[in-house]
């Protein structure tokens, strides 16, 4: 029982990341009808927003420490961040410590800008092109983006820890009456889950309660009619793309303490997030979220020792297996609307 | 028109066409080989010789590959008499004098393995067939090493493995033309076990998370066997997919499994992520069975430690070499590498540099580039001054036997390169095993292949 | 001739000439010169050109004609490779049985996967094929290690129980692949002045197979079956109401292209007897998509051009390192030399993926018909200059824009 | 006994009675029109005829065989061809190829792996295809890209594709929907011409009275899912029930 609760918790956390990526992907597909293979790259760019901010905060000048030596026997050069000079060492250090949450503020404008540039500069020429062309051009873009990141940041993962206050874990099991050490859950993962819920709620509320959202939803249902009403839907869709990019980016920013970011993390998530979108139903926002959590939890279950012993290799293929079964038995996905990309 | 199994590009560099005289000596002695400058793949003509450096330049190990390439460039510089000579001055064999190899200036070509066995073989074949490389070296994974080693055997050139840690490279997949300086899974286990017994006691229960592919299997087996030999119990072993990024669902059940040690048989990105996750889940600070919970990473690399950041603090593992070693050879290498590039070399860089020197020296001693001559010169070769103490290139399996380092993540690193501290230098005798040890069974070197 | 019209026959003839003379064409620069770096006329790369050409031709029969975008085609190449190596381990080092078994096994595997995946179309079909291929890769890399060699790949060993032929040669090595005694790695070298040309037996075996594969592809393109496949892509609704059942047509196309992939896999292990699981990773499937699009989907020659271009970049561009760059620009003044090297460096050597990505994007954006369309545009430009108005060619069918069935 | 016999067909969608007890008989070699205001159930009936919808009760027999539950290509192979509201052609192919495809379908059935023959070496089929293009005055366009033609030509091509199969029943689904008057007249002319040249059975589902009265020999008027009357055009013209149905619809 405790093992199952444990894996549900883990699944929720994995699912949060899947859901956030799939949400943006579906938003883009639903509003613009574009299959965006570069969406994983946006997630990766978000993560590197956190890395970049950390880099900016730690821009340093060197001070020579004569009392210590470096590996070649020369006097040790100590890097002192300018931020220490500006805010003093204590405040400066805690600003650096909080660089990941701070990166949210940094990433929102950057990611919206990237999204808007991407849409205006490339995607808008592909609205009328077949889905295959969209897949191909965004796939090319994904390669280019990740190679650019690799050029500047290298191939190695870059550690980007959470603030000191969130390091460590708490005993969730004891809270609900299990023995100590049965269900341990790291603070940051709780933060991530909460953050994902806020973003998801935010996006849904935005689409539900604002005029902007209503127009966009109407546009998703019937683009031509909305256009006939004299509403400039294109401009709104551009912003939608920016919003989707920001959602993916934020998912990336907050993910960095969980796994050190590297240039290919977008590709690692890409195939998976597509599976999530398809399982949820192309174009269905609640479907994407539901499928994200569902697949996260299933993946966690499949990684339990007892399950692997029963079916060797199941942890390797569970996601794909689920995708195949869903696509064959329910082609429009769990919550897809009828007629969207259906045969 | 000449018929050959593989090309000999060297021929045309001088325009001279060598006679087809094929000397086939039967007894090894340097003099006999030196007469034979043809009759093998890519026999160098003219005054240069080409080496092929096959390292990952794209893909997840690209940074490691870049460091290997730096080491190779440094080695070539030293062999050709440039720089401060590095380990040439400390190497126990004194045939290398800065005049290249066998009097020929060293040139090199580079290729990208992409850490895929197919791409690595394509790249190696292009260096052999197109560029006339006489020796291939490099690589950052065992899959690639085994694949390229088999290719070199077939093509008739020498393969000096780069970073490859799986037992198979000199075990079931060993080849006569292939040589490994790097240590292996068995040695990691053998070196770690006594240190772990010392630090954590002999009454421990271990939980293994193992990367689900060959290297993972051999490492798990090696560590399991050697820790069980000191009295530890293995509670569980779980395989994790190569493509896994979030290990939470594998880590979470560990604490409640009755284990008090977690062994992460992971490398590269897997290791960075699983260790980060394990620390997140509080395993490093937890208590189990009335003891402090501990984490062990059998194969450490500095580049990976960098990726895991502060999470490596206090965690034990083993490594082939570390720049902070105090011996003369290590210091000389660190100095010349550090001066040239501004930061200390990684263990991958070290093994690649040393392999290049060992090859060059073997050619000089044999007096010939003929792979069979090189094989004979390297087999059973004993040397010192290359950073790991007195070392033997064992004839039976072409594996180097030397001291192995047990390291621990440093509590207060002074720089991003100063992440590990040496806990113990396990002497070679303690990590030596019989050539037919069960973990290495099933392979045969076969006979050396000079190609052509 | 050969059942082909004049235009197709001359196309076949051109391809035949190109492949047969490839050792000359691909080595235009004298040995030892600066530009020798760009020579591609060595056996391994020449073999790869034609093998991936075959793979892409086969993929194009599915994607180019029916518009079904399979994102898991590398799985068939991988399965074919494994089958081929097993054949060599168990039966004989002769390449013929290995290649045949590769084709058959890949064909059977593609019947299974095609039958299931073709129940859906559009992106759903793509995801299904992707899922199957990823499952194949994951399992081959891990739990199926005894069958596939896992990480290190499936390779020959000194104790293979080979029925026909020996396990170990007299010199103590693993025997090499051969075609009735003609060793695949045998080469003749021809020296002409400063030039060196290599004629490799394995390459010519591959080249002959390519010509046969290409010939079959032309026949398929011009056949009623090929026309039906284009009808599938164009309008499935009309096709059904014309009394035709699109399902068996697409499945047949899928299986044929799966068999082409198996053929490529079989040839690959015949040239280099090792089969690695990475061959089946989804990026490998992506690569054949890139090849086909880059060259021109739905055209006959396009996929071969695309395959050649990508393999050339992978093998030649990736080998250019900064030292070589500095040599090239050495004639410039120092400052400019460094600037040029800095500017070019990100795109070559280890940056070749970046160049590939950029070229690919440019092609998809500006030349949806790939290199072939580019060539046609240039040709049209010249024709217009000559002011020779020409009516549409009755036998000329390639579609400029690839469309996927949706 | 007609070639197409619809007997007692009922179809409900939830609470809506889409078709209520439809009986219909199309005689061989006649042009039979089915008309009715919007929402009368014309499309539903058509979908039943081509096997897309299975009725709750009743039978649809074509030449003595049931068409229910068969897939479109099987129904076509039985001898029913269909013309769509918007012309459905193979846009990526040439006009000649568009016509060759039904020739092959007629000769080889729903699937044959003829991968090694050459399309234009099938002399008999090429002649057939050329003949039909001559018949519809399109032979000069034989090598054109079908998608690049005008809508009228596309309609003509679609007709040719259906006719070349020599169907025993040609179903036309509002063949002039959305057309300008001139195009409509052209289409009517084309259909008349076809009807004169060949003895063909046609069932036209149509909204436009003008089309119907210029072509049909029998007319069935459908209202609210039920056949109101069936008669000759002359009798239908002044029929009060028909006027009521149309006017009622106009008002409501």
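Points worth noting:
Chains: A, B, C and D, in written order; residue numbering restarts at 1 for each.
Going forward, a contact is a pair of C-beta atoms (placed from the backbone, for glycine too) under 8 Å apart; a residue touches a chain by one contact, two chains touch by 3 or more.
Note that the coordinates shown come from a computational prediction; the quantities given were computed from them, not determined experimentally.
Listed here as common contacts of chain A and chain C: B.
Centrality by C-alpha centroid: the chain sitting nearest the overall protein C-alpha mean is C. The interface with the greater number of C-beta contacts, when C-D is set against B-C, is B-C. Most remote chain with respect to chain D, judged by CA-atom centres, is B. A straight line joining the Cα centres of chain C and chain D is 46 Å long. Between the CA-based centres of chain B and chain C the separation comes to 34 Å, rounded to the whole angstrom. Computed from the mean C-alpha positions, the centre of chain A lies at a distance of 36 Å from the centre of chain B.
Rounded to whole angstrom units, the spacing between the C-alpha centres of chain A and chain D is 52. In chain A, the positions touching at least two other chains are 316. Counting only residues that touch two or more partner chains, chain B has 58, 62, 66, 212, 239, 241, 243. Under the contact rule stated at the top, the pairs of chains that touch are A-B, A-C, B-C, C-D. Those residues of chain C that touch chain B in the shared complex are 31-32, 39, 42-45, 48, 138, 141-143, 145, 150-153, 155-159, 168, 171-174, 176, 183, 185-191, 194, 196, 198, 272, 274, 276, 278-279, 314-315, 318-319, 321, 323, 349-350, 352-353.
On the side of chain C, the complex with chain D involves touching residues 3, 5, 219-220, 222-228, 230-231, 233-235, 237-245, 248-249, 252, 256, 392, 394-395, 397, 399, 403. Contact residues on chain B toward chain C in their complex (touch as defined above): 1-9, 11-13, 15, 17, 57-58, 62, 66, 69, 73, 109-112, 116-119, 121-123, 125-126, 129-130, 141-143, 146-147, 150-151, 153-154, 166, 168, 173, 176, 212-215, 217, 239, 241-243, 443-444, 446-447, 449. The touching residues of chain A, when paired with chain B in their complex, are 2-3, 6-7, 9-11, 13-14, 17, 68, 70-72, 76, 150, 154-159, 161, 167-169, 181-186, 188-189, 257-260, 262, 264-265, 268-269, 299-300, 303-305, 308, 315-316. Note for the complex: chain D touches chain C at residues 50, 71-73, 76-77, 81-82, 84, 88-94, 97, 100-102, 104-106, 108-120, 122, 143-144, 161, 165.
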